[in-house]
Amino acid sequence: VSQAVSGEERAPGAYGALRRLWGLLRFESRAAPPLVRPDLPRDDKAKLRQLMRDWLTARDGEVSARAQAAELGYLYLELSPRGRRRYLKVLKEALEVDGEDLARAARAFLESPDAKSYLELREAVVPPRVRFLKMLNSLPSGFKFLVDLRADLLSFLDGAPELTELDYDLQTLFELWFDVSLLTFEEISWDSRASLLEKLIEYEAVHKIHSWADLKNRLDRDRRCYAFFHPKIPNEPLIFVEVALTEGIPASIHELLDEEAPLQDPDKATTAVFYSISNTQKGLRGISFGTFLLKRVIDDLTRHLPRLKTFVTLSPIPGFRRWLFEEGIKHLEPAELARLEAELPALLDEPGWHHNEALAQALKEPLLRLAACYLLEVQEGGKPLDPVARFHILNGARVERLNWLADTSPSGLDQSLGLMVNYLYKPDELESNHEMFFQEGKIAASPALRRLLRRTKRETA
Amino acid sequence: VSQAVSGEERAPGAYGALRRLWGLLRFESRAAPPLVRPDLPRDDKAKLRQLMRDWLTARDGEVSARAQAAELGYLYLELSPRGRRRYLKVLKEALEVDGEDLARAARAFLESPDAKSYLELREAVVPPRVRFLKMLNSLPSGFKFLVDLRADLLSFLDGAPELTELDYDLQTLFELWFDVSLLTFEEISWDSRASLLEKLIEYEAVHKIHSWADLKNRLDRDRRCYAFFHPKIPNEPLIFVEVALTEGIPASIHELLDEEAPLQDPDKATTAVFYSISNTQKGLRGISFGTFLLKRVIDDLTRHLPRLKTFVTLSPIPGFRRWLFEEGIKHLEPAELARLEAELPALLDEPGWHHNEALAQALKEPLLRLAACYLLEVQEGGKPLDPVARFHILNGARVERLNWLADTSPSGLDQSLGLMVNYLYKPDELESNHEMFFQEGKIAASPALRRLLRRTKRETA
Amino acid sequence: VSQAVSGEERAPGAYGALRRLWGLLRFESRAAPPLVRPDLPRDDKAKLRQLMRDWLTARDGEVSARAQAAELGYLYLELSPRGRRRYLKVLKEALEVDGEDLARAARAFLESPDAKSYLELREAVVPPRVRFLKMLNSLPSGFKFLVDLRADLLSFLDGAPELTELDYDLQTLFELWFDVSLLTFEEISWDSRASLLEKLIEYEAVHKIHSWADLKNRLDRDRRCYAFFHPKIPNEPLIFVEVALTEGIPASIHELLDEEAPLQDPDKATTAVFYSISNTQKGLRGISFGTFLLKRVIDDLTRHLPRLKTFVTLSPIPGFRRWLFEEGIKHLEPAELARLEAELPALLDEPGWHHNEALAQALKEPLLRLAACYLLEVQEGGKPLDPVARFHILNGARVERLNWLADTSPSGLDQSLGLMVNYLYKPDELESNHEMFFQEGKIAASPALRRLLRRTKRETA
Amino acid sequence: VSQAVSGEERAPGAYGALRRLWGLLRFESRAAPPLVRPDLPRDDKAKLRQLMRDWLTARDGEVSARAQAAELGYLYLELSPRGRRRYLKVLKEALEVDGEDLARAARAFLESPDAKSYLELREAVVPPRVRFLKMLNSLPSGFKFLVDLRADLLSFLDGAPELTELDYDLQTLFELWFDVSLLTFEEISWDSRASLLEKLIEYEAVHKIHSWADLKNRLDRDRRCYAFFHPKIPNEPLIFVEVALTEGIPASIHELLDEEAPLQDPDKATTAVFYSISNTQKGLRGISFGTFLLKRVIDDLTRHLPRLKTFVTLSPIPGFRRWLFEEGIKHLEPAELARLEAELPALLDEPGWHHNEALAQALKEPLLRLAACYLLEVQEGGKPLDPVARFHILNGARVERLNWLADTSPSGLDQSLGLMVNYLYKPDELESNHEMFFQEGKIAASPALRRLLRRTKRETA
């Protein structure tokens, strides 16, 4: 039984259920059919602008204001991507802050900066868009609607910088509505509902889940999976982490994903390996949950499995290959560079280079050294350049071990040249590592990593 | 991550989790390793017999009796199929009713049939096996253990008729422990836990579920699935029925199983089609739930979807082909028989006969007539011969419509020659149909079916 | 808002909700008004007998048989106590076992005692009443109905011994339907639903709960309460135990029931005190849950509060006063008897005797000695005479300590002369104590108790 | 078992559990004992200010910032009311917006009002207090902590107007954190947990609940109770409404609160009476839930009890007596005034005046007229003066009926002179009534009320 395919002219996917739901709402309130065409041509834009202005002036009559907002929200659902971009621009402008009011309030504050003028200024900077977005939010499934709307908006932002202020409105709201204190922390298991588990398959961003059997393997008795949920988006994990319980730090992702590997006894495990962390909602960009999630997971695991002593990731180095060919080779001393000049191109040109043992052997040591350098030395704006490294190092984790040929999947080779890295979460040291980084700019690393790095430096010295 | 494969010498499957669990229990009570070998050779049988006798005499000390029963239960788990058969025979004999006691009680009752002698007789007929089985039952997951044990026993029964009394013990217990008043009625949906849904895939007995996508289709918004559960076997439906909500009575199973078919609007549906009913526990043979389940489903659907007016099955006719070639052809008049003699063999010899349009056309009418005859006239022991027909007709359903080429899957062709039948459940008529059948032996059938039948008779007359 | 008072002619209480529910059922099936009068006079008895015989012969038509059973069940609800007694007698007789069949089966078995004749005998002893009771059970709330019906029956039994066989039917069914393996073990707390908590107030049988404040005190953070529930009687605990977490063995019930006493820190507690155990369903007499409940409670407490080392009761000695005045004084040596002759009558005649310090002081030592004698020496049928002692001693508990003036409530004085006793549950010793009692007839007791007893004996020697 | 009484020097109540919880947190992080004294004398204020500044500068190190915030939050719990007032003032000042930054941003915007200067201004107006409050919120039970903190703050506001800006911070946060779209709507019944039901007893603000029996009456089968909950304050209803199901509009609160009144059949009820609405959290003043709650309740009742046609309140007129003696008597014509001059004082001086039938009779008609005038004519700031009238009239309800001697409890007489009013919620008219009021200033009223009012006017004309 396939869902009715939505017309081509409509934006795909996420809004399907919502359109049905809000369509019913409109029907109940005997609303007319959509007033605008999917692409929102010029005269429809004018119509939309007028509807928004009507909403703005109807403020006192809350009930009808709500019905108007529902109508306006429904309009959005019916639009094509092009129409949505136009809609958001109209929204930005039609419900703009009153410039004169704001200027007046700013002047009043400058003249006499007291509590009264200050609070009036604080009121005046908030545009009526915010009230409109709050009203949309109070419709059924409003939270998910706004998150998806912001995902649309972010995809338009490059070509439409004038939407920045609207994005700011949304981000301000989301910072409170998706405050981590509002989220619920839940374990996901093979006993979770199928409608939720299929979301894991959909959202897994690091190591694709290929089948329900693959998923079941990742939820077996020697695995754990945890997520944060928002109470009003109950069937969508906002972020989730997959954990393997092992007896040592694994050196390759393949042993964890192998469905035929023998089951470990979770009561004997000493190590919890975070091998995949996925943010699921593009529309929540900039709202960060990962740090809190890992902290909660470590707490929970420690309580239930007191034998666990080591908490460690098995992570990709997604920016490594790009950096290597753009910048990294400069870090090589001339002799080595000369030597590698024959071999490095294979990384680009030979898809199966890692099967060539001689080649792999020759590349291993220099690549590990360069990766250590990349992770520990290369920064941008005072923070590690690699996005994954940045996340874990800011959390206070220690760069523990580099693993050679640890992910030879196409994307693993493409981004990380097959390397993976373990970041070690020592509960006692997280805070001091974090402080050390911020106060001295020093990244915590294992002695082995430090040695690798020293060798690099000696050579480049 | 694959589960550790149990040794070949052990019986497969269902007891895996239990063995782990009860093994732990034994460990807690510092039990020794299993005392017997998997196949339970002669001397081990003797040992087992002695253990059972020890249990029997230890009756006063409940605590240790329980520990002994746990040990004896664990023994069973460790046995091979051959060992289990021997175990059950030992159990039957070692905990046999005391023949002398019983004879004495029988004589006392015959001499002076009063309340006292009656109750003593009633006590004396119950063998100590029953108390032993009750003690096993009180171990963790004891219900599932006994159900699986009876499934073993039923598979041995042909070759070991002396186990009949043990089976009687179990059936007597199950009639109360699995009394329908103890079961819970639950809807199963795509929001059910995956660990339960995979049981549907495993247990579906009528139309195999090929994949999770197939399963999801059967749990879509225009479908319903209901089951009975036992409170102490929470993750196993004892029986479940799959329902499609449609706007008319479907004539083929393929339209229901087609994952690409458009989604129906459940609020517009007028008809609920029971297209698959599966009993899942072999060990509960003879304990009947189906009638109650359908009644509850009809109640539930009526309450939630008041537009539903028609409740109907789409059922196989599993005994049809066999009957046809053994008996049915005798019902044909000579002329027709002669004509069909050229065609009928195709049903046996040409796997793709239904693609041959001329052939199919020639067979259609006679086969429909014979099927009507089979369903409405062919009985055994006063009840319809076809097991599916028997179930629905005893429930008071009416034989409504025969559908040509309605299930052309291999098993559909193999058992039912591609035919399917709709049984109609009219809530108002169930009781009177039922009474009519029992009092007059008459099966309720639609006028169309009656006409088909009359034609058959006229021809055979 | 008060519930409509049921007419005087009706039996009180428990069936109220059921009558409403089954009344609706009858309405749905368009049943006529009740056919009999509340007291079931002679001609109504005849009518009832006929209805039961009709039910018996309608066996094949399950649907209508069920409707008839519902009608017959509803009839019972409408009767007065006198009418119910008559109803049960009619039920006993009308659905009696077929005496001739049974005699025939008994003879057949005696002649040729094989599997066939044995199973036929086993069938023949079961009266059709059993099938009727099972059908009643499958009505909504049928379990609770039958439990209450048996409570009625037990209250009639003294005056109507002919109901014994019907009671046997019910007990046989209940042994399986209320098998402890079917029950759920639950903690009850101040977070439980009020409709359940009010049942505790209603059912507490040992130390009456006087108010919701009293109840809340018993569910505070330093208390625990556990119960067994039947899955089909979800709002009624079948048995529950109240536990206090303390730092030593308490010597008086008053310190536990004092709502003003300071809250203990449960994490510092070393001792769990079972200070009240209540069976709630009179109709389940003879079906025992207490032993299992205490075992589960000890398991649960041990797991959650590993500091707990001592599990002990604080129990009444309900038969002590009665025994003392009937038998116990004979155990005194003449000198002491003479001395006490002046004092013992106060126990009977002066309600506030325990406030008289001199008197209390004089009585203390002899009463403690006599209580030790009563608990450890006085038996009936090989088991302790005192019902509470019998329960705990058979469980393998040790008689640990007698407490003077430990319950000076009216009932505490009336039954136990103010004494209470601690029975100690040492998990490791339960089984050996139990065996010791059954094999040697020896009751486990603390050295202090033994000393008390020896003194008694020396004196009486 | 009484909770340990907190020292006198501490503020009472609500924070008890929190103090224990956060005390544990501090212990885990090995925090020192509280650094300040309960009353926060001058030097402790300085210490506190320094701690807050430290927090402010530690911004980069999130982990330690969080620990510092926890310490600062715990400090608050340990303070006396006087200390808390001082704490809040320190908080207000120490984490104040940077005045120079803000002035600079204001000037930049005035000079060049573009997106960049606008967003910078928007950032600059938000004080660091907001970030601090968000960090407190993320501690366990942080939501409840902040709500209670604001309740404290509101009680200080009269004497400390400089706290207004801090209150604005909190209100801004609460508007999003307690947005109605985040709340859950739940029915409360006698099956709810006791720990929740005792909150109803505590929070009922209109008609005090005197006992658990009184509460049970209000949750009987002919009653309903609904509430909004915040997902992170699960055991506290934020607002709840009590509903009676009746067969007509009740004229007195006493018939609803009478525990002895006969139970109504909810399936026959035509009318749902909202007879008590209580906001429970003082700290959420200004965050409004009532309108949404009534809408949800009407939806829910309509769906489950389709016979319900009338939705109506039975409400007090809390400002009536005060208004009557301050203003109302001026509305009387001289003759009537003269006549009433003898009688009105009784309302003030004779507590039992309503038992004096002659007096009551004489007062009835003029008081009803004056009440009609008060409800329909007396406004302040364009809205009804009476707070309860204001709420319902702004919701679009119609003033339906005045009821004489409808609440003769002390508070009923004291505030409303015994009168009560029914506001009628006609789902179809709510919006138009609301619009009518806002556009024409006209209040919807029943013809009877209109007549009463006309008579008043005629007389005063």
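Letters A, B, C and D name the chains as they come in the text, with residue numbers starting at 1 for each one.
The definition used in the following text is that a residue touches a chain if its C-beta (ideal position, glycine included) is under 8 Å from a C-beta of that chain, and two chains touch if they have at least 3 such contacts.
On a predicted model such as this, the values are computed, not experimentally measured, just so you know.
Undergrad: Farthest chain from subunit B, going by mean C-alpha coordinates, please.
TA: D
Undergrad: How big is the gap, in whole Å, between where the Cα atoms of subunit B centre and where those of subunit D centre?
TA: Each chain's C-alpha centroid was found; their separation is 60 Å.
Undergrad: Would you mind pulling out the distance in Å between where the CA atoms of subunit B average out and where those of subunit C do?
TA: 39
Undergrad: Averaging over Cα atoms per chain, report the distance between subunit A and subunit B in Å.
TA: Result: the chain centres lie 50 Å from each other.
Undergrad: Which chain pairs here would you call touching?
TA: Pairs of chains that touch one another: A-B, A-D, B-C, C-D.
Undergrad: Quick one: in the complex, what on subunit C touches subunit B?
TA: Result: residues 60-64, 97, 99, 102-103, 106-107, 109-110, 113, 115, 118-119, 121-122, 125-126, 134, 137-139, 142-143, 161-162, 164-165, 168, 173, 176-177, 179-182, 184, 231-232, 291, 396, 430-431, 434-435, 438 of subunit C touch subunit B.
Undergrad: Touching residues of subunit D toward subunit C in the complex: what are they?
TA: Per the touch definition, subunit D meets subunit C at residues 1-4, 190-195, 197-198, 212, 216-217, 220, 222-223, 258-264.
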